[in-house]
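The following pair of complexes shares a single chain, subunit A, combined with subunit B in the former and subunit C in the latter.
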Partner chain A sequence: MEAVATHPAVQEKSGLPGDFAIWIFIYAELLVFGVFFLAYAFTRARHVELFNTFQQTLNRESGAINTLVLITSSYFVVMAVNAIRRNAAKRCSQWLVLAILGGGVFVVIKLAEFSAKHAEGVTLSTNTFYMFYLSLTFFHFMHVLMGMVILSVVAVKAHRGDYSAEEHTGVETGASYWHMVDLVWIVLFPLVYVLH
Partner chain B sequence: MKYSSQAVAKPYFIAAIGLFVGQIVFGLVMGLQYVWGDFLFPEIPFNVARMVHTNLLIVWLLFGFMGAAYYLVPEEAERELHSPLLAKVLFWIFLVAGALTILGYLLVPYARLAELTMNDLLPTMGREFLEQPTITKIGIVIVALGFLYNIGMTILAGRKTVVNLVLLTGLLGLAVFFLFSFYVPDNLVLDKYFWWWVVHLWVEGVWELILGALLAFVLIKITGVDREVIEKWLYIIIAMSLITGLIGTGHHFYWIGTPGYWQWWGSIFSAMEPIPFFMMTVFAFNMVNRRRREHPNKAAMLWALGTAVMSFLGAGVWGFLHTLAPVNYYTHGTQITAAHGHMAFYGAYVMIVLTVISYAMPKLRGEEAANPRAQVVEMWSFWLMTVSMVFITLFLTGAGVLQVWMQRYTDVPQAFMVVQDKIAIFYWLREAAGAVFMTGLILYVISFFVTGEKRESVSAGVPDTA
Partner chain C sequence: MDKAGYRALRVWLALVVLTLVTYAAGRAGLGGRLVISGLLLSVLIKGQMIADVFMGLKGVRSPWRWMVTGWLLVVVTLIGVAFS
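Our next item is the complex of A and B:
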């Protein structure tokens, strides 16, 4: 009754780097963020005054620093992929650790921002702008944490020597996800913190 | 059947089908009461028929899930069930408790049932879908714990597959979230809020894990596609189900007194809930197209594909129809909700249980697949039930749209019962479709007794290859 393998294993094929499955996930995630951004845009159009007023209360400096931190961290991930393509597994794992540290810096700065807003008594119910600000940044924040977990797994596996120049789908998979986290922030930061 | 202890699944499946028949009988009674208010009054008032209809559904699906788990877990774990005896004992406890509860609903007034079962010691009765007496709820928890212990021990001691772990996670979640049925806050907002932690987090959360695992198992078996490919899909589907389903709970919090941000969170995340269902459809058809064997059980494959399509339509599309807060403002609690409820429960959970039964029952009876004549009857029952359910859904949707139009989305709203009178034709049509569904269900039961020439190549060791 068991299936018998009469054909070679079926492989997922795609021109995309990393595992095909992560791309389905990435597109789904981008769709959720995209809908959230659209909702933000349409709501803002109806409450321009309110949005402009409370946008001023956000800490743009920490947002800008975090943007640089994430972009730098994405650069480290690129270097990690380059390293493994040269078969330099240890170097790959070191770059990944740097990328994870970048994520850590982002998390610390973001937490400081959240706690400052919390101290001011800002909640999801304060007004519509803060509702979007807190929802979007928190949802993104959770993705940074998730990305750090993924990169940690990849870093450990790279350190153990599980990847090579020929087979490093896992590294590309983690890198793709991390770039998605970065990309979302690059849209989110100007949209919520800067544009008015 | 690879392991003799898988046989404990059989009584669970039989009980599930029996209770399914009961559920549909009460559905027909209730459907008639919509248009003939005095029908069977005072013996079976509408509220009692409704309670029996919904409670039987939940109970038989639980029987189905447990039966499916008892069949699947040993095969995946590659060892006998930890304790077949426990599974048999729990079966009878659950069946007797369930039957007594339904009889209680039917034979004594609900308030008297509450007294008899000493509800005042720990009041949990009186909430929609969670009407069960407290002692029945405690019984459900005991059965669930024993069941989880049994399959948990089997899984932990055996081969750990993704299918088994996802199934176990779903079943654990099912048990954990049921505990909120014991929490009945005095504050009406909190009461509704946590009520959804059982109702929503079951059907749009952890049950989807069970659905995914069961579908993956059947597809692995009937298509012969590599386990790794199917497991990868399963991972993405359950991750998306959980993200959209858990936060999507917010679509029930629009109008019950919770903070306004739930309208945003609920709308956005629940609008994504069709995605995992769509992925499940793509996944199922993909796997069947890539099949590396021609499994003799055509009926099981039909049910599996049917589940993938109908769950997307019923849960995904019909859920999306009224999930956005501005839409839901008008449709809340109308027949549109009923339309969605019917097709979602049938398409996702009824059909997956019938898929597993279709695959497993012949094996439990010592055959690779049912004889071709029986399969033809079963496939007829598939089409009759599925098509009639589509019509039930369409008629209820029609009723719902008119209801919204005349009663809510208008400058001159008409009274509830006036509108109900005007849409009565849809209720008659729904009842007719319900009768066709019953015919399909009767054929389904008959299909188990249809005899035919024995299949020649029936032998567990000889696989059919493409």
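Our next item is the complex of A and C:
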């Protein structure tokens, strides 16, 4: 109860949208992904030829389409937050459903990509490039799934009328997490699929 | 659509264009220091737009907004160093 009681004061002080706790989580996640990205970049610096060669085997089109899907899904989430700020709970829920569908498209494309690599016999131990490619993209993939679960809960609650223009912390909290997933992919796509 | 909606739409369009430029550079097989610098700059721009407009951090007090900007700057700069 104490945490709930102190929450508005914390939010007032920070000005961050949504629950303050999600931001601690977001900053921690960014730190982990940041370390992962730098590990990839500096390991690549020692194996440039290997990384450049096997990067060519990736499906760049899938990566680009998934980037477009995620930023579009993020846009839908922004519209959901805008809707609830105007007290349009049902509209908020509809935007969230579109965002979740976007997440679903991302998941299907990513699974097809993983499946193609699996069929080629690629595993984590194939080489250093694939170790990074599979672990980085799978780690991000799990965050997409987690984001879809969070957005689904928020969408159901919005549809039930649990949020209003005055109280919609839950919508902003879910939105912040989803945008973090998008932000991380914005770095991951060029790093793993394009830069050489 | 209200003002915030139009701003989000403009950011979405900018993100789409920058993503297509990144993809085109990869498809064309472009590399080298200049291309890498340009693509990393576009990552910075895209990331800051997502933080400011999508995440809604533009009007947020320090240090919260700057922690995301700082993360982007450090990560992108060090990736640039590793690729140079």
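Note that the second predicted complex is superposed on the first by the 183 of 196 C-alpha atoms of A that agree within 3 Å, B and C clash if a C-alpha of one lies under 4 Å from a C-alpha of the other, contacts with A are read in each partner's own complex, and residues count from 1 in each chain.
Assume a residue touches a chain if its C-beta (ideal position, glycine included) is under 8 Å from a C-beta of that chain, and two chains touch if they have at least 3 such contacts.
On a predicted model such as this, the values are computed, not experimentally measured, just so you know.
Enquirer: Return first, second, both or neither, reflecting whether A:F106 touches subunit B, subunit C, both chains, or no partner chain.
Expert: Neither partner.
Enquirer: In the superposed model, which partner reaches more residues of subunit A, subunit B or subunit C?
Expert: Touching more of subunit A: C.
Enquirer: For A:V32, using the defined touch cut-off, is the partner it touches subunit B, subunit C, both, or neither? Pick first, second, both or neither.
Expert: A:V32: touches subunit B, not subunit C.
Enquirer: Give one of first, second, both or neither to describe whether A:I24 is in contact with subunit B, with subunit C, with both, or with none.
Expert: first
Enquirer: After lining up the shared chain so the two structures overlap, which partner does A:A45 touch, if you call subunit B first and subunit C second: first, second, both or neither?
Expert: Second partner only, subunit C.
Enquirer: After lining up the shared chain so the two structures overlap, which partner does A:F129 touch, if you call subunit B first and subunit C second: first, second, both or neither?
Expert: neither
Enquirer: Should A:V187 be classified as contacting the first partner (subunit B), the second (subunit C), both, or neither?
Expert: second
Enquirer: I'd like to check the shared interface: which positions of subunit A are touched by both subunit B and subunit C across the two complexes?
Expert: 31
Enquirer: Note which residues of subunit A are touching subunit B in the complex, please.
Expert: Residue positions touching the partner: 1-7, 9-10, 12, 19, 21, 24-25, 28, 31-32, 35-36, 39, 124-125, 131-132, 135.
Enquirer: Could you list, by residue number, the parts of subunit B that touch subunit A in their complex?
Expert: Touching subunit A from subunit B are residues 2, 220-221, 223-226, 228-229, 232-233, 235-236, 239-240, 243, 259-261, 264-265, 267-269, 271-272, 275, 279, 290, 292-293, 363, 368, 460-461, 463, 465-466.
Enquirer: Looking at the complex, which residues from subunit A come into contact with subunit C?
Expert: Result: residues 13-17, 23, 27, 30-31, 34, 37-38, 41-42, 44-45, 60-61, 63-64, 67-68, 71-72, 74-75, 77-79, 81-82, 86, 172, 175-176, 179-180, 182-183, 186-187, 189-191, 193-196 of subunit A touch subunit C.
Enquirer: Which stretch or stretches of subunit C touch subunit A in the complex?
Expert: Its residues touching subunit A are 2, 4-5, 8-9, 11-12, 15-16, 19-20, 22-23, 25-27, 31, 36, 39-40, 42-43, 46-47, 50-51, 53-57, 59-61, 64, 67-68, 71-72, 74-76, 78-79, 82-83.
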